[in-house]
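Have a look at these structures, which come just after this line.
Next come two complexes built around subunit A: one with subunit B, the other with subunit C.
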Partner chain A sequence: MTDSLELDGKRVSFSAGETLLEVARRHGKEIPTLCHDPRLKPAGACRTCLVEVNGFRRMPPACATRATADMQVTTNSERIQRHRQGLLSLYLTDHPETQPERLSKNQLVEMAERYGAAGDWGSMASERAGRREDRNPYVHFEPDLCILCARCTRYCDEVEAVNAITLAHRGAKTTIATVDQASLMDTSCELCGGCIDVCPTGAMTEKLPLTRQVKPSKHLKVVRSTCNYCGVGCQLDLNVDTSANEGRGKVVRVTSPETGTTTNDGNLCVKGRFAYDFVDHPDRLTVPLIRQPDGSFKEASWEEAIRVAADGLSRVKSRHGADALGFVSSSRCTMEDNYVVQKLSRAAFGTNNCHQCAAT
Partner chain B sequence: MAGPATGVPSGARIPDLRLRTDLVSGFLRRRDCVVPSCRSMFRSKKRHELPDALREIGGLADGRSKQAAERTGVPEAEAYGVATFYHLLARPDVSLRVCTGLSCRMAGADAVLETAQALGISSEGCSCLAACDVPPAVLAGRRVLPRVTATTLKQAGSVAALGSAEWKGAIGPDPGDAASLALHLAAPPDFSGRAFAAAQQLGADGVIAAIETSGLQGRGGAGFPAHIKWKGVASQAEKVRYVVLNADEGEPGTFKDREVLLRRPDLVLEGMAIAAAAVGASDVYLYLRGEFEIPWGIVEAAIAQFTASGVLGDVRFHMHAGNGAYICGEETALLEALEGKRGMPRLKPPFPTEFGLWGKPTLMHNVETIGCVPAIVLRGGEWFKQLGKTEAGSKLYCISGDVQRPGTYELPLGVCLDELVEAAGGYVGELRAFSPGGASSGFLPASERTRPLDFRALADAGSMLGSAGVVVLNTSADLKRAVFDQLRFFEDESCGQCAPCRIGTRYLREQFIKHQDAPDVRVEALRHAAEVAWEMNEGSICGLGQAAPLPLTSAMQHFPEEFEA
Partner chain C sequence: MTNSIGEIRDADFLFVIGSNTTEAHPIIAMEMKRAIGSGATLVVADPRSIWLSQLADKHLQLRPGTDVWLLNAMAHVIIGEGLVDQAFIDAHTEGYEAVAEAVRDYTPERAEEVTGIPAEDIIWTARRYATTEKAGIYYTLGITEHSHGTDNVYALANLVLMTGHLGKPSSGMNPLRGQNNVQGANDAGATPIFLPGYQRVDDPEVHAKYEKSWGVPLSPVPGMNLNVMMKAVGKEILGLYVMGEDILLSEPNVSRLEEGMNKIEFLVLQDAFMNETARFADVILPAAIFAEKDGTFTNSERRVQRVRKAVEPPGMARPDWEIVCDLAKAVGHDWKFENTAQVYAEMVRDAPKFAGISHERVDSEGGLQWPCPAPDHPGTKFLHEGGVLRGKGQFQAVQYRPSEELPDHEYTLVLSTGRTLYHYNAATQTRRESGLAAKQPRMFVQIHPWDAKQRGITNGERVEVYSRRGTITADAVVTKEVRRGCIWIPLHFAEARANLLTNDAGDAVTQTAEYKVCAAEVRKIPEQVLSAE
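And now, the complex of A and B:
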């Protein structure tokens, strides 16, 4: 069902259930957001997306307001501009003046520049507590940079259903906390790092030493790849320092593709996001190896290796019958790979002895 | 041996099985309700028991949130989030809290707190205890004790020795004719249920028509026409509906709801039963602020009396104690608290009449509003309407500060300050300023003493009637200290959810201190105050943040001499 409303004086259509933010963005209107994430239910907490709607005394948040027929919506006006500048100026009073060179862009600072927020309203003492000491290896929380948009806590709740972190305390002391401010290791946290991905200001980041040698994001090349830890096939973005390793490049960080563009919708698990060291680990196998009679391995081509394997398997089959063979494939293989392995087992060798390690 | 047939016949069209991610993400976006607060609604069936569980376990301390989580099935982190939100849960070891509200401060609360600390009592200042008529008030455990001065505390020497007797505040004036008051606090409680019986005769439509005729406006602060809410709930397609009593009275300067609960719980319960029948609800929830230990006992006894006699039909009353958070007086924050969550206001719309407690249509009223209902049913809407002076009904005004007899006075809605103070025995000293409706209404100068204290006239003056908590300041009062107290109150009580309020309340308080303490930046410190106030009003989610700058901006407007360099 579609209906229409008036967006900045122009008639546009929308589908039932769409929010004003979705309609406006679909029509190329610029509405800033900080707490919005399409994966999460709207919170309307950051207040950056307020728009004017005829008949509404107060400016409603575009992210949480559903479009209704014949609404008259204004996405830019003097009132909206004044609000954005005032709001962002207030945010800046509660934000560190000097920004450390960060892995991620600080969307708040960028937004403040873009909308001309005054940076001279002074600064105030922030009392947001951090975790006393957190021995988890991956996630670092910098309370000073936090703007309490609650994307991380909502993500942890609504997407991951893990609920390791929460908003705690209230008023200006509100902070992001774990139960009793314990280390993430002592909570239900699965270290998926989604909190890092959703954080708009870099308050949640990868921990040292994961980030020790990382250059700011503008110096890194982003390469879309497929996580090979399991068959799900999550898409991830390898951030490559192209000058490292004598020009061969080095993966220094993994980030999520934009929400809504991949099947995993930007979600990753601890392995996909943090366990990329294997890529250039010296123990990693990069060419086939054939075991020699003396037990040592010799590098070989794929043709050679496949021939040796085929010969060996055929030999067992001819000597002991097909059911003397068994095929086990890896959960790191894709569904298609697994399909081919069972095909190889059943059609090429003639045995139903096939299995996949995740199928237990 | 052939494998299973898998080949695709040549020439067959292979369907495109690639996932349409645009459709998937679109679906993900719209799969559910736009209201954030319903997200964990279906998780734990015992979530609403979380605050009580935390309280029974003893409040916040390492390990307690985990215990409460185990007991209720709520995630540990969320239990911690709730425990840290509510003052009475977050700091369970404080044995004495001294009210730092305006009237208590004027009556020497600072000295009480100093004395308590000198005596080694674990103590702290706290937000208004709804006892401004008996200042200075203190909270021992969860019991409000009246008129505890530094001297009495010193003589007592300990919290236990202060006693715990039940008490009531002063009321007035004596109407002569009982038929001129809707609540009539001086009359003995009436447990006969005759208003409920009369409502059954009228039928739901008849009752709602009477409410509409009466012109009853919500007496919690907003002044919203009551009948619109009643009709709103009654007309919902959803048949499970609730009625909720907002007895989280906490607006500094306000104590009328306390007095109604202490003296006429019958009116409130009967009003709730009438409302429930009229809007098709059978469960009624009463949310009393955690500090209302004495009213709690009185209401509990009244419920028992009504339940025993059965005169209110089969309505079921459920009582819920707050845990120390002014923001829970905001209706949607109250609903969150009832559901066992952090009391952070929801976005509106949708309003509670459509999406209220557990997502069901909910009629919510302030104690005084619902207390007017039995009289309206018995005497008719037109009668109620005529009781008012400039707007409908009689009204409970709370008056404290520099007046002879602070208390709760039921007068025609629309009397002016002079008339109100006359009922309270007159001014003490010479009037300089007054706050007409709690901290949220800011300050008005003495020249406004004849302005009707009603919803419209005060809104026209840039103030509000709010909860009609009138505080009078005479020429000896420290106005700037009063401004500071109100600013700090809002900072302490901001829920922290939205930036304009969370940051703005602290910013204004800090800048105000700079203005006070640093002569070189005296004017500069408040240079952006007006713009911050504008943004807080425009950008905040709920009324707290919207009203929070008013004590400062109204003082700057009406008393500019206080702010000159």
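And now, the complex of A and C:
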């Protein structure tokens, strides 16, 4: 069912249930938001998305106001601009004035610049408690940067549905907390890192890249790839420090693509987001090895190793026939790897004895 | 999956059976949670209490291995109460009468005796499933890793067909794939009976097509399934090439496999890490991992997505496909592939299902779901729209068969194995990640308080778990999450290999091993042994 309303003087259609924010963004209108995330129910908490609607005395939040037929909506006006500047200036009074270069962008600071908010309205250092002692390995909380938009706690409730973190205390002491300020390791937290993904200011951030003093994101190369764990096929962005490892490059952080763009909708699990250290692990095999008569391994060139491998398999074939060979391919490797293995088995060695763990 | 991951959030009824979705497929679980948040009904059928069962409207905590009883009893209720979709059955299926006949004796009351699930819960679930329009079934290895795994799948398919929950959004039959590219490995033809795109090796037309395409004579004889191959190691199988799997950690009943490995003449191992299998290798070839190579993975919903090289491999390690091409060349087959896009192009050239997919299209469109037969085809979100893909949907009548090895007076417990959130399969990757290792450092066994008390075992105590095939040690986790008489262990720990215990009895059709049910026992470790440790 579609209906229409007037958006900045233009007739536009909308479907039942759509919010003003959704309609406006679909029509290319810019409305700033801090507490909004398409994965979450509208909270209407940050008030940055206020718009004017004819017949409404107060400006309603676009994110939490459903479109109704023949509404007349204005997304930009002097009144709206004045409101945004004032609001963002107020947010800045509770935000560190100078900040070190962070891993992620600070959307509040960027927004304040874009809308020309004053940065000199004084400072009200809130006593927000952090969890300095939290021994969880992945998620770091920087209370000074928190603007209490509650995206993280709502994500933890509505998307991951574990409710490990919550808003606690009142007034200027309000903070993001766990029960009794326990380490995330001792809560229902599944370490998915969604709180980091939704945080607009970088108050929730990756602990490992921080402690390893990884370069800020603008100095990293981002490579979109597919997660190598389970079969969901989450898209992820490998953040690469190209100069590390003598120029080989190093994956220093994994982030999820923007919500609404891929199968995983901006979400990742603990393995996809955090378990990438194996890529660069010292245990990696780096040299071809050939077994010696005494049972030890000798390092070899590729040429020699390929020759020994090919000869060994050929010898079994000539002694016992092609079907004495078995080729175990891998559901962990790519389509292309699997294609050439089955072709190797069938076309080069003459047997259909080729399978992988899909049997199990 | 007949349907897509993105459709889950719009489902109104989710029947999750044999899938610990939150731990094994966390992102799909998020979609399920989203559906629940919008009012969907969730039923979880699992012998264990899992995170998802805490969110469920009903948790059907069945005895391991009794799935056919549960599913046939649901069919019994649906048929008996006239809740079948007769129009769909008439138009799109065959064999319904045989199923109706077969499930006649599977009354919910008798099912209660066998499965341990209250009859009224079976009836409630059957009714809700049959009468909800957007009702989907989601399952994983808890269904398939049984000696009657194929029967389980048939019994599920019967439910889907008789209710017409097929070819529509947010419904269908959805096996959630366990590995990044397990769908793709099968699609690519790494199976003993199929060339790429599920074309049978013994089909004369297919055979002729590939002999012409590849320019070499090919064997028309289907090969050995992996489980058959593993049992034949050291006998019929005397040479092995193993890429990217630690068979000595992952295959069932590994002590028997080790005996066979001692007798083989040659083993090539291609992997990124040393593993258990390496002990028997004659040559080890160092491979690049996903972040170091180009290519594609195909996910559970048949979506082909790109894998892109982000960093250079360490030392002399190289991408698997390059190594394999070199091996082929060394035995006289020069395929002249310059990159993975060319490999993919050759694969789809002879496989009509994927003919419209290329690296180029995947790059520009972000991912494509097969079937995708032509370059201008948009791909397929859900299968069987407007009917059933291949002729008629075939009902398959199945009868309950007990698992191969049931508890007896000596091994009194039912052992099941599985995956946890914090590790992945052989865990060569995840156990090298300090955070995950800290969250879950070593082998544990879940045991019911009653069973623990019988054996004088307390929570956290180091115990021995043993079966006819082997013994391992583990930390006892005393919990009501498992049924009385059942124990559960994860499969990730090389120093306490779950597969020393498991039974390699295979499914009659697929030979998939019975990882989910074998007879086992738990005992305290004598004091002197503990102190020696």
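We take it that the second predicted complex is superposed on the first by the 276 of 360 C-alpha atoms of A that agree within 3 Å, B and C clash if a C-alpha of one lies under 4 Å from a C-alpha of the other, contacts with A are read in each partner's own complex, and residues count from 1 in each chain.
As a convention for this text, a residue touches a chain if its C-beta (ideal position, glycine included) is under 8 Å from a C-beta of that chain, and two chains touch if they have at least 3 such contacts.
No experiment lies behind these values; they were computed from the predicted model shown.
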Contacts of A:V270 with subunit B and subunit C, given as first, second, both or neither: second
Touching partner for A:K317 - first (subunit B), second (subunit C), both, neither: second
Partner chain(s) touched by A:V12 [first = subunit B, second = subunit C, both, neither]: neither
Touching partner for A:T262 - first (subunit B), second (subunit C), both, neither: both
More subunit A residues in contact - subunit B or subunit C: C
Touched partner set for A:P42, first subunit B, second subunit C, both or neither: first
Which of subunit B and subunit C A:E158 touches, first, second, both or neither: both
Contacts of A:A172 with subunit B and subunit C, given as first, second, both or neither: first
First (subunit B), second (subunit C), both or neither touched by A:K343: both
Doubly contacted subunit A residues - partners subunit C and subunit B: 158, 261-263, 265, 343, 346-347, 350
Residues on subunit A engaged by subunit B in the complex (per definition of touch): 17-19, 22, 38-39, 41-47, 50, 58-61, 64-66, 79, 82-83, 86-87, 89-91, 93-94, 118, 121-122, 124-125, 147-148, 150, 154, 157-158, 163-174, 177-180, 187-188, 259-263, 265, 343, 346-347, 350
Contact set on subunit B toward subunit A in their complex: 1-4, 6, 19, 21-22, 24-26, 28-30, 32-36, 39-40, 62-63, 65-66, 69, 75-81, 84-85, 90, 325, 327, 342, 344, 347, 491-500, 502-507, 510-511, 528, 531-532, 534-535, 538-541
Subunit C partner contacts - residues on subunit A that touch it in the complex: 136-138, 158-161, 185, 190-192, 208, 221, 223-235, 238, 240, 245, 247-251, 261-265, 267-272, 274-281, 283-291, 297, 302, 305-310, 312-317, 319-320, 322-360
